[in-house]
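Below are two complexes that have chain A in common, paired first with chain B and then with chain C.
Coming up: the complex of A and B.
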């Protein structure tokens, strides 16, 4: 009798325990996708592709198998959530429109952090809408061409220093300089040259004209846009380009600067160093449209990722404006 | 004082059900640890396997069970249970007489009837703990990976279970526990310090008892699973406190005595080189772990972690050299110096083996201090792992969201220093007592002084590593 009871007790413990585990697992699996985050070297997101119908909730159970990650969906208002090691974060998202959305890691998890992306394919009936090519494409810019400014200011241009010259911008002859179309398509050096060649501005010194260039830049942005861009830059760009824009972010240790594309190096060890935005010869030679192109498309053959699927158009322009703060003095 | 004077204790220990039930619970926990390692989150701090085995179980083992109950853990350890059940053909048993107590109860139609244990005797040349020393070192070499990766922990635990089952089907009694288990080896060594012992009350009663059922078994219980002859037992080292002798003795001649801590260290009989080496291995491993796992040297951690690589090979070679050659070699010189100073006529080897037992309390103190470093600091992980054992997002008892909070952070260094100082004093007193066994008082002082200096140097080194 004792032996029989012992066997029943053992069976209850072992089979009951296994059944409880199995049932719990099935219940946990029922209607949610478990999305595992690992450093890209260990596999990135698993699964990397998700599919959901438009208007239907996509229930995600996010967990990290190694270090702290973050989850965000590109071009979406969905706030980023942290994905902590061993913890499960529940998140439900609904997509109104069909299409392919990119989700990505928002924490600097490792040297290949920016490669940690996945796709959410939202199915449904598509309404074809006209697509406007980005400005750099409309202008036919060769954004891979190497540009270097021949004329650079003696000091950091500032709208504060030469207040008296800005009365010029009240004149009808100067209004075209302030238009977004002009600002976005011309590099600061080109703007400076246009002013230098303009008889209305002939009496001003070189530095005063650079201050006018800074004025045009500031007239085409807002403090709010710069604040948002500062935050975007800190989260997404500073890892490589550095907080101060010097191209000395924490992820570039050990890289070697060479000309051209990098071959034969493992992912995350590109040999082309990130752009130094504090170098006026570079930044003053490129137009906002050029920078927009670089951000949207990424840098071919370099470690620069494509952000077109992540940032909205407004965010991209705000970031472009923010990059010039490394050359122009921002006046509140 | 014999605890069996209290009827409740005696009843609880003689009855098979309490022990069997606790073993079942432990086995369920063990299997959950394996399953969570294989299928749960690979994040160690959130995985039941890592948290419960290397934090909760380890804390209970090294800070409570071993110092106070000796081999108490072995009496409920789930690892040998399935093998033992297969070997015996019963879960609870024995119920009917079996001559040697093993493999003769398989009934037709039972799940056990297909299993035919061979019940061979363990080879004589391996009836020591050298293999146990080897298995401990094998695990220790990979410890940086085992302690941090749930899957590796699961594989190691499962390997223990399968090895225990396999050994139980080939050899009689608990050969795995006695001769192979890497944990059982050091528990046995340190159980000499515990304030409890299982002993016979009167050896004269045993002498007149022809059947020797404590060793051969009876309808009431199995012959000693640990292959120990209870009437001849003078130390705790190999007594698994399984209580079978309590059940089989027809003359009520078994006692569970409360005794002074470390009483077995004064027993001159059965001091052996394999046990001496176990003391060195444990002492050295505590120092290496304190250096590698808790120290600030990243390169060392990386070397210990990169199993198979050149840095790991260098680490493994250094580890083995330090533990098997350098530490015993230094201790040999220490004992040799004591012999020279004192003019003792005792052979150095005899003194070396005898004095190494002074390292037993020193080693346990070192392990307790090492364990204190991380046990309280990481104990809050236990609450989260209990509520979400597999890291699948469950919250069974509402504590899954408990954030990591170190406990007793301010008190821990004081506890560590206290434990280490206590261990040193205990070791010094033990060394002196051992020296005095075969020398007069003045000679014993000289004989033990270098050993005491050795223990002091080790204590200060470990204090520097753990507390400074």
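Coming up: the complex of A and C.
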């Protein structure tokens, strides 16, 4: 009798323990999404689409099936986390606003690293907000047109050279040159030409006018924005465009041949090299709005990714102003 | 019998000398700046072998040319991670003589375990001591083997 009850007791304890383990495991796993990261050539993110309701926590268990990856969400302050093979990174995110968000890989995991993206669809009551198209679209710029500056400065324009010319900007007649609307919609070359044609500026030399152009640029950015853009550039752009902006990044040898008109390649292929930002003929011919368009939309058929879903508007403008540091003397 | 004791004593003394003698073969240098630019790509470091003298200030600029790579220095327990476009710099004083393995610290692909290099700080004394001891052991076999043991063919 005693032995029988002991057996029953042991069985109850054993089953109870197993059930408790199972239930706690279920609870711990509840609604956690296991997100596998693979190199884009091997499939990228699995699953690539996630859905969550606004205000609800999205629990992610991130792991990698091959190499080191990173996880970040575009246009959010969520810091990037590393996703390593053999490890699980737990991450919980909450979205307040409904909409579609992009998550992307933050570690260079392969030649197609930048294609490693996925979408998070946040459902909920959508408040219709008027959407303002980006400036380049408002202006109707053809951002694929090749532009080349006809007039370039003899030396690097600097805001440090002559203080005298910048006193001009205190005059009411010059105020409009400093407005963001003016600065963003005109290329440095156009600004220079406007100043050249302005009777108030007739006494100044060509280089002094270029200094004034640099001043207008500097007035429309801040050291903080440039510092943020410097790190964004290093993380996202420098691999192709080069640390010094020369279009000579480490990936230049591995440029993927892309569809297009061509010479020197089989019909239908050409190699589009990254833009050289140190070439004044190129960079001084394009307006901030043009560069904004390139960053937002990407290169369309070149290796340049689209960043519109990843960078915020402020980050994009900061990057645009940072690009001009390859032409203008930097703010000390 | 006496011969064996003397042989043991001589060989033992030689072994101790080889193993522990403070050989001072290292050129006396101090605080020389050694700057290396190491390119990491295709599961290899280039250059893969770095020579420095003990006491040198070593600066390694790690440039990743394809995917994210790392550099871990065995023995010094230092590591750094570089991404394409973002070179990383590792600076340290080579105060431990010897030869140390460099290895990639980031899982970078299928051949990641084979991505290695070497940091040589001065002469590889450990290696030479090892060779010396091995030779002594061989000598010991020759001199100390029991006489009269039949050699079976």
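Keep this in mind: the second predicted complex is superposed on the first by the 285 of 332 C-alpha atoms of A that agree within 3 Å, B and C clash if a C-alpha of one lies under 4 Å from a C-alpha of the other, contacts with A are read in each partner's own complex, and residues count from 1 in each chain.
The definition used in the following text is that contacts are C-beta pairs under 8 Å (C-beta built on N, C-alpha and C of every residue); 3 or more make two chains touch, one makes a residue touch a chain.
Keep in mind that this is a model prediction, so the values were computed, not measured.
Novice: With the two structures laid over each other on chain A, which partner does A:90 touch: chain B (first), chain C (second), both, or neither?
Specialist: First partner only.
Novice: If we overlay the two complexes on their shared chain A, which of chain B and chain C does A:6 touch? Say first, second, both or neither.
Specialist: In the superposed model, A:6 contacts chain B only, not chain C.
Novice: Is A:234 touching the first partner chain B, the second partner chain C, both, or neither of them?
Specialist: A:234 sits against chain C, while chain B stays out of touch.
Novice: With the two structures laid over each other on chain A, which partner does A:14 touch: chain B (first), chain C (second), both, or neither?
Specialist: In the superposition, A:14 contacts chain B only.
Novice: Output check: A:65 vs chain B and chain C. Expected answer is one of first, second, both, neither. What do you get?
Specialist: First partner only.
Novice: So which bits of chain A does chain B touch that chain C touches too?
Specialist: Correct list for chain A: 64, 66, 85.
Novice: Which residues of chain C touch chain A in their complex?
Specialist: Counting only chain C, the residues touching chain A are 41, 63-68, 83-87, 106-110, 112.
Novice: Which part of chain A faces chain B closely enough to touch in the complex?
Specialist: Touch list, chain A to chain B: 2-3, 5-7, 9-10, 13-14, 17, 21, 24-25, 28, 34, 61, 63-66, 85-88, 90.
Novice: Quick one: in the complex, what on chain A touches chain C?
Specialist: It is residues 64, 66-68, 84-85, 107-111, 113, 234-235, 237-240, 242-243, 249-251, 254 of chain A that touch chain C.
Novice: Across the complex, what residues on chain B touch chain A?
Specialist: 16-17, 20-21, 24-25, 27-28, 31-32, 35, 41-43, 45-47, 90-93, 95, 388, 390-394, 400
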